[in-house]
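Worksheet: one structure, shown below.
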Amino acid sequence: MTDQTQSIAQGRSSTTRLAGVLAFLLAVFVLVPAFIALTGRWDFYYTLTSVALLSVAAAGVWLTFYIGRINIGQGAYALTGGYVSAILITQYGVSFWLTLPLAGLFCALVSVVIGLPILRLRGVYFAMVTLVLTEVARLTALALPVTNGAKGITSIPLPGELSIFGLTIIPDFATLANPKLAFYLMAAVLMVVTYLVLWRIVNSRLGHLCRSLQQNEELSASIGVNTAMLRVLAYAISSFFGGLAGAIFVAISQSIYPSSFVVQDSVNFMLYCFLGGLGYVFGPMLGTLLLYFGWDLLSVAKQYQLLIYSGALIALMLVLPNGVLSLLDRKGGRK
Amino acid sequence: MEQILANGLYLGAQYALIALGLTLIFSLMNVLNFAHGQMYVFGGFVTYTVVAQLGLPFIVGLIASAVVLAVMGALIEKFLFRPVIARSKRDESTMLLAAGIAFFLDAVILLLFGEKQRGVPKVVNGVFNWDMRLIMPYDRILIAVLAIALIVGFILFMQYSRTGRAMRALAQDRVAAQLMGVDVDRYSMIGFALGAMLAGLVGGLLVTITGINLGMGGPTSIKAFLMIMIGGAGVISGAIAGGFILGMMESIGLTLLAAYGDVTYLVIFVTLMIFLAIRPQGLMGKPWG
Amino acid sequence: ENAKLKIGFVGVTSGPAAAWGISNQRSMEARAAWLNELGGVQIGDTTYDIEIVPFDDQKDPKRAIAGMEKMAQDGIHYVVGPNVDDGAAAVRPVAEQNGIMYFPYAFPKELYTAPASNAILGMVANYQSGPAIYKYLMENNGIKKVAFVAGNESDPLSQRDSGAAAARELGLEVVSDSVTYQMDTTDFTPVLLPVIQTAPDLLVLSGVSPANAPQLIRSARELGYTGLISTETAQDAAVLAEGAGELANGFISVGGASTPELASDTMKEFVQRYTDMFGEYNDESNTKVYALEYIVETLKANPAAIDNVEEFKKTMDTFEAPNPFMVGDAKLTYVGTSSFGQKRQVSVPLVVNEYKDGKFETLFVAQVD
Amino acid sequence: MIPILQVKNVTKRYGGLTANNDISFDVAPQEILSVIGPNGAGKSTLFKQIAGFVTPTTGEVIYKGTKISGLPPHKVARMGVVRTFQETTIFKSMTVRENVIVSHHLRSKASLLGFFFGSSQAKADEAEFGKSADDIIDFLGLQAIRNELASNLPQGHLRALGMAIGLATQPEVILLDEPFAGMNHDETMRMVALVRRLRDERGLTVLLVEHDMPAVMKISDRIVCINFGEKIAEGSPSEIQANPRVIEAYLGSEDAAIGM
Amino acid sequence: MLSFDNVELYYDHVYALKGVSIDLMEGETVALIGANGAGKSSILRAITGLRKIKSGTISYLGDRIDGRPAAEIVKRGIAMVPEGRRVFPLMSVKDNLLMGAFTRTDKQGIEQTLDSVLTRFPRLKERFTQQASTLSGGEQQMMVIGRALMAKPKLLLLDEPSLGIAPKLVQDIARAIVAISRDEGVSVLLVEQNSRMALSISNRAYALSTGQVVLSGNSKDLMHDDRIKAAYLGGEL
């Protein structure tokens, strides 16, 4: 799968790669804000913020794909992360900025407990169990007192000031003239960091081990890989990403309900990965952009929106069954 | 007690039928058909259209559902799944396709049949009441009997017919089946059509009782997934067992846990996850299905 | 050519939950087309054609925010929707930052109580209609024991909780209020069995969706239940007829003013136009036709509000106009003081209907304050 | 001599079926020991138990004085006991070289975080593994297919690759399950020579399951024969070849030993 | 009966066969021997249509069969025992055998063939209702040969029937192959790594190397050919 990408990556000199990264950062942090300022399409900020956050969660899903597991349960962790952040802020007065890593860590912890038994499952079994997991998260949120059940948690304050030794690093969002931009920058930074981490994992020995796991777990064990540990580790990282994304969404909507992340979201995360291409680190990011943004653009189609959207999805699948990024492979996607 | 069992059986029969179609498609093509629930809904709407709008007898509606869905399944296999499977590097890619088809059917159903809940009048009236210990409307009994008959018919078909044998062989080893002279393309298509047809038939059967609406597709798929997980993916007996087990669990859970409110499905889900942790291939599945 | 007045709609109109928003959007479109056909609406010195800008949020609160952002981007200040609690709560920050008044069909009180001030409840809340219905039935049918069932989702569950509280307050005995069902249940017999065994006089289907209502009614009746059944949500007669047939007779629900006794000629024409435009009427639209009417009439009363919601808020306190959809001298006003401490609710007649052989008949009419 | 590996009274039951019944034998350091027996006799099951993939129902496996039965495979591998698989088991979508490199995992000294941040240790490891992988590939004569995708290889090469993967872990004891299956005589003999060299040059102890009798006879120091899960004979190749129980159960007529 | 003329076949970009020509007469047993990856299995896959060939022709009983789908080729009387056995693991021995007769419709004829297969392999009769996955390797091998015979083929293709089989059973299988060709007049194309066995039970043989035929001739002669001895039989044995 990644053989081609890797060989391409290796073939490319590190300067062109650096240029690519710089161009990407430039686009995200300079061009997009400039474009929005010029055109006055301020609503794009929220859409792109969503894309960035959803692609962070999708990056987690992609990582579980990388160890050979189909994960349709990321919604559960996004929801959990959201609730952790919301509860800590509203009931314990913890700063949003502190709840962010805590939400991620809590999800990682939960995923270790859940992952230990279910990661033994493979193929469709794992996929279906994770699908169920999303429902479990929703039902749990409905049933628990601490989540305020069906009523959800609302009127959550905006992220406050973040300062270290009296030095303000991030100002209080409520005082900002343009919190949209602030949220966008925050999400974009998070996305960039996430994909950096992902890229590092894949291109380090850790990634090779993950690939060995993906291809043959028994053999992987026989060459001395602690497969159980590696699986749980990858799943925990994945869930960490999910929790982060969920927590930020809560900050944006200033509310959370058991239905804030549902099965449909989990399925979407999976689709983003497929559409971008499972063999490419940046696949989920591209997939998220295309699918999420695509839907918004299609709203001109009125009642035919879903028809066209799904039709396009199917057509894309027929033309590029290995994901959009498989366009990069000069050889084409034949077996 | 009698009531719980009867409810469980009734639910189990319809669930098993739904799971059968899903597991058949899975075993033949290794495709987890996310659109199964939508096919079920489509079947329901076809029967509705034929019976409630055209005023034809119920059985005509059922047949129409079966035929329409079989044709739809065949076309989907031939023009969508087959080319994608042939060209994609990983089996899972078909999941994106299946999900796309689910969305597409959702859109088509909305445009064709509208957003409203639909239903057709009862086929038989009256309620069987045994001393208040067992209450079961006659139409449910009829539907359960029909469902069980269909299940039995399906098993006999798979076991003894030439087509059935070819499909079983195909599910176990594609290449070997080819070497036996089985036209794999043709039988894959037949299998998919059959699976879709089963989904459509259940939709048609249930439209007389539960009615049908656009929203029923997704949750139906999830339940069907549950059932084949319980029984073991790609195994026919497993699908049937899974269907009845889920039906029973639902019936028992709702009765016993009623006092605790919303927890039945939570309990079912958690039980299932524990069960799978102990037995990863379901009741009857081959390891790693 | 008239100037355009854009009114937004953010709600779910595709996918499994499409039914929630479609009747909403369609009643807006039908009414707008009609008003435009009459030459548009005159607000201040300008005559406007109304343009409905819809956004399908797929019942996803994250999308709903995007929808509200899009409305803000289009310079829209008046939006109908979202249809569900989580969406309505999620769009609140955007609406407040961008000066948008929105009309959710969701009941959480925080949305309408200070400091929130941009949301206007577009219908009668169940905690308002519930007590009225229970009280009426206590007095006229002598009910004593009530049971509640609800779907296991935010909206129905919170409706159940407030309904049960209201019933207790009235002195009724709540014999069962813990039973819930999954929204995708296909067989309600096991769900209802324990409820029916408590032998209530009234069975309340809290926040029941039009899809589930007929099945619940049918199952209850088939289990031998003979008491009353009611709900506080709007229902569709055709759906009940198809799904439960005559078993649904006597079912009590809240509806708009389209029953023959109440409907004005405007209402009848609206139903006709809606049917012509979309093929089939949906009784839920009886209540959903009001939001647009309120927006337009309030703007007429204070043209300065056209791009300034603060003006709109000011006008709300004193606003009054004739209700075109009802016979008699019913008025359009803003209410909600007793529920929310401020006027953040449209006054629609609380019409309680009883289903009878494929049609609704008016049981009684009440007013919310 | 002190045995390096001891199989002590190992019994494995699957439900009602007894796959191994009270099997015991010792393996001396640097010995080449073959396990033969009819199909389904329980040879692969025995190997799985030694390598930690399956836990014996009763009995134990001792490696250098430590009990290893019951440990997970990666721990057993870490201690120096590694198996190859009867089915061709390789990492399909990696090249031959990548397969071998990744299999050096056990020898990595860097920590997980070290991998992640690309510590100097991790880099040193990578360089070393690359070189070592090339050595192993050359040793097994796989140079020509170094950069082939493993899924494109024919049977025989797959076997060799399986062995390369096993060697990459630098085991002290290697268990080879039918390593010569699917090779013709010529290739088999080449592999036989290689396995010998492994023992002679690298000091490996080799356990082998194989149906290719000429190869077994040629390569083995000692042979254990099992039938229906029970050990029926143990001895030198010539003893085994002449053992009537082995002939009866496994070899058939005498001339079978030479391949026909 | 079968002629394989100048056939080329690729996988991805790799040549598997480069202009291979092979002939097989009615009633003959022909062996293909050669190193790993020489292309032996590829020849069989090409004949049965499992793989499309790039160029060249394959004709069988006078008709061209290249490019035809596998199902049709099987119907014409070619049966194959594939590499790695490939039993239907969840079916009984009986159903596995019946699958072999999938293309046939004559009920009585099928019964007769089944009888003759069971007489030839009495072991299968003992295990008639057992699930195939629980058979031992040798039993499975007999079953798949039996399964191929159920089609009443005129031409039988065998891909490494001795792979992973105990020596004792290898002899049984070799005897069975000889008997089948003798008693039923079935032509056999046999691929074997066990060259000694292959040469001793075949009439003619082709030796392949990297996708090309390097030697061919009468099996008896080849058995004593020095080149063959050196390459495949092991000079010293």
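Chains here go by letter, A, B, C, D and E, matching the order in which they are written, and residues are numbered from 1 within each.
The definition used in the following text is that a residue touches a chain if its C-beta (ideal position, glycine included) is under 8 Å from a C-beta of that chain, and two chains touch if they have at least 3 such contacts.
Only a predicted model underlies this, so the values are computations on that prediction, with no experimental measurement involved.
Shared contact partners of subunit B and subunit D, listed by label: A, E.
More inter-chain C-beta contacts link the pair B-C than the other of B-C and A-C. Between subunit A and subunit B the centroid-to-centroid distance comes to 32 Å (mean Cα coordinates, whole Å). Inter-chain centre distance (subunit A to subunit D, centres taken as mean C-alpha positions): 43 Å. Between subunit C and subunit D, the centres computed from C-alpha atoms are 73 Å apart. The set of subunit E residues touching two or more other chains comprises 12. Counting partner chains per residue, subunit C shows two or more touched chains at residues 14-15, 152, 157. By the contact rule set out at the top, the touching chain pairs are A-B, A-C, A-D, B-C, B-E, D-E. Taken in their complex, subunit A has these residues touching subunit C: 41-43, 45-47, 50, 139, 142, 149-152, 154-155, 158, 179, 249, 252-260, 262, 264-265, 295-296, 299, 302-303, 305-306. Taken together, the subunit E residues at the contact with subunit B in this complex read 48, 50, 69-71, 74-75, 79-80, 82, 86-91, 95, 98-100, 102-103, 147-148, 151. By the touch criterion given at the top, residues 1, 3, 200-201, 204-206, 208-209, 211-212, 215-216, 218-219, 221-228, 233 of subunit A touch subunit D in their complex.
Within the complex, the subunit C residues that touch subunit A are 13-15, 54-56, 58-63, 65-66, 69-70, 72-73, 84-86, 89-94, 97, 108, 110, 152-158, 161.
Across the complex, subunit C meets subunit B through its residues 14-19, 22-23, 152, 157, 178-184, 186-187, 189-191, 193-195, 210-211, 214-215, 222-224, 236, 238-239, 242-245, 279-280, 282.
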